[in-house]
Amino acid sequence: MWKLLKIELFKIFKRPRTYIAFGAIAAIVFLFQIALWFDGKTYIELILSNIDASFDFSDQFKTRLLNGYFVCFAVLNILLIQMPLLVALIAGDVIAGEANMGTLRLSLTKPVGRTQYMLGKFFASSIYTVLLLLFLAVLALFGSILLFGTNDLVIFRSTSIHQMSRDDIFWRYIAAFGYAAVALTTVASLAFLLSVFAENSIGPIIATMSIVIVFTILSEMNIPLYDRTIKPYLFTTHMVAWKGFFYVRSNEEGATIKGSIENLPAILKSLSVLLIYIFLFVSSAIWIFKRKDILS
Amino acid sequence: MFIVFKRRQCSKYSLVALFFLFYFMKANAQTAEEIVQKIKMKLEKINDYEAEGKMKTNVAFIKAPLATVKVFYKKPDKLLILNQSGISFIPKGSVNININNVFVNMHAFDVIDAGRDNAGLRVIKLLPKDDTADIVLSTLYVDEKNMLVKKSKTTTKENGTYELEMNYAKFLEYGLPDRIIFSFNTKDYKLPKGITLDYDDGSEKNGDKLKNKRGTVEISYKSYIINKGIDSKVFNR
Amino acid sequence: MADIIVAKNLFKQFNEIKAVDDLSFSVPEGKIYGFLGQNGAGKSTTIRMLLTLISPTGGKIEIFGMDLKKHRKEILKRTGAIIERPDLYKYLSALENLRIFAVLSGIKITQKQLIDQLEKVGLSERANSKVKTYSQGMKQRLGIAIALIHDPQLIILDEPMNGLDPQGIADMRNLILHLSREMKKTILVSSHLLSEMELIADSMLIIDKGKKMVEGKMAELFAPSETIVELQTNHAAETYERILKTDLKKYILSRKGDNILFRIHRKNVPMLVTDLVKMDIEIISLSPKHSLENYFLSLTTENQHVEAFKD
């Protein structure tokens, strides 16, 4: 399995398209950081406009609010919507791309079990996903800290504001990135499954993105019919649970409790939903592939 | 008070009674204006101070950690609450946490004696003479014995009612509190879900209960540096 | 001599279409086995079943005496294949492609061994060039190198000469002969180049519409006892009609333009000549055409099920 994994990773990182994703992330993060560097105050004022009737926000407050941790959170908020496309770009190609190139039939005439073959490809896609996320983490977190420094992190939810002390943040990012890795692996496993059905990678990539977009819209809409029926089961509903690491508990007097997470059981439940999806997608892909006639 | 004199004890008891009568009459003779003046004179000794303390923010929709703050005051009406390194949500009207503000323009107010409250504090109402002023009414609850304002309620046109509660201990002689609790109105807070893309962990179901609430800021002072001189530039932030 | 491949009652159906229908054949060890059929006859489907790319709907395949379903890995470890064109990773070099497939073949191989393998197929100087810069012939040679990297006992080649120039075809032919004659490999080769198959195949299987038409040794299929004779005449259509009304009609194979083909025992050829002359048929030429091409066409055009001719 290790040898299979090595050659799959070798193939992934030898393709120029792999680096498009890394380049895209770097560009988006950089552009966002530059924009905030020059006009972050406007962005802050927009967010604070909701409550500036009740509080005094000095320039110093705004400057401190716009610190590296805040910028990183804002970057993740945006990028973790685009990331599924970059993940699907590779994961959707692992089988369909080989079928298109014709190398699939040659590979499967070798003494490698189809299950092993598929698992090697899936793990390679997952490792790629994690590396992409690590790259994002370095740029978004460390890059933002370098540019904007550190301070307390303030998260603006739809009906509440959560503030964490600067020494209570870094571990949350580690946990959040870890969770995001699982979330993106879910997307990778979906693209992986769809790749089995196609002989051209465009189909699985577009199909994956379409599903993610539609499900995300359903997850974000507040329609009672969907809230009760399908929303709890959509994987996109649970993909954003990384944010839960930044929702803190407070005591009776409203002061945040350091090191706390508002609803860890909810995050763990979301995590298990995602893991179930990964298992279902991957095992379905393998089951179908094992029975598939290779005609390409 | 009806005093019954018996011929035989007349001279002894009557002297005592007269003494007490005189005393209480003298005490009741402090008018609201006199009390306000005395407090003002006491507070006028403070030109400036730099205080260090811990600030607790208790607003329904804000979860914030305990903050270490410095409070700067300069006569007559400059006040700044500063979180030295971190972030603190300072409510509008926080300048009113210093009771001195009320006494700065005493000539602009009519002072009305409103008796005492249940706790025995002297209640003094200040009505602005100018109808166009933002302040509609200010009510002081005074510890007459120590000449300390224990509580104040100020109603404004723009920002509703502020309440200030002060506890005195270590800094009593300066008329400076150990602890203040400042409560204020908070407007609704809501951001569109499309902007926040929140994770629904089941904790934000009580949105309606967060509307039109009041928030409090509580500062516990550790130390004051009084009358050491503070540059006005400090307040330009 | 044992049969390396034994296929019994192979059957493959795609929806309504029977791609392979009750096909049985066996490939003897150490020989070159030709696999012929028109486009869509079921050759590729059969080959893909042998290589486990497609699952048979019915039937059984044994290779090296083992059931293919149960011993897939062991069998494939000893089998090399090229299916249609050798599609490779174009963005990788020959060396990298070879290394990948060596790993998939389950063998440990050093850099030197990889270079040696490329040298055998004449690609060592272009070992580090990306495959997308290769000609068709070079890709074919690389495909051969990949098929042989793990020294397989059985080699399955599906249309190995496609897209090659005459020199390339000759090279491929010589390679196949070398692998069989000198290295004692068993080779199953399908091709449309019947003339080439005639030159290299020891045995042959012809299929049409998924069914076996004929199977046998080349020497037996082209026994001296029968031949195909081609009559060239001016009025071929009229002559054809006239012959159909006589006893000679049983020898008629087909008519193409000015030519009429007869399939006839050699001993009856003089009789044919005599009868044609008696009928006043203008004979421009009468020549034997017992090539594989004509034999193949005769089978697949008429769709006759013919036993091997023997004396």
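As written, the chain order gives the labels A, B and C, with residue 1 at the start of each chain.
In the analysis below, a residue touches a chain if its C-beta (ideal position, glycine included) is under 8 Å from a C-beta of that chain, and two chains touch if they have at least 3 such contacts.
Because the structure is predicted, anything quoted here is derived from the model rather than measured.
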Checklist line | Length of the shortest touching-chain route, chain B through to chain C | finding: 2
Notebook entry, point to check: Which chains, taken as a pair, are joined by the highest number of C-beta contacts?
Noted result: A-B
Checklist line | Chain centroid nearest the full-protein CA centroid | finding: A
Check: How far is the middle of chain B from the middle of chain C, if each middle is the mean of its Cα atoms, in Å?
Finding: 102
Next item on the list: Between chain A and chain C, tell me the centre distance in angstrom, where each centre is the average of that chain's C-alpha atoms.
Entry: 52
Notebook entry, point to check: If you average the CA atoms of chain A and of chain B, how far apart do the two points sit, in angstrom?
Noted result: 50
Checklist line | chain A - residues contacting chain B, complex | finding: 47, 50-51, 53-56, 58-61, 64-65, 77, 81, 151-152, 154, 156-166, 168, 220, 222, 237, 240-244, 247-250, 253-256, 258, 262-263, 266-267, 270
Checklist line | For the chain A and chain C complex, residues of the former touching the latter | finding: 3-4, 6-7, 10-11, 14-16, 101-103, 105-113, 291, 293-295
Next item on the list: Report the residues of chain C in contact with chain A in the complex, numbered from low to high.
Entry: 14, 48, 51-55, 72-77, 79, 81-92, 96, 99-101, 103-106, 146
Item checked: Residue ranges of chain B touching chain A (in the complex, touch as defined) -> 56-66, 85-92, 94, 159, 184-187, 189-194, 196-204, 207, 210, 215, 218, 237
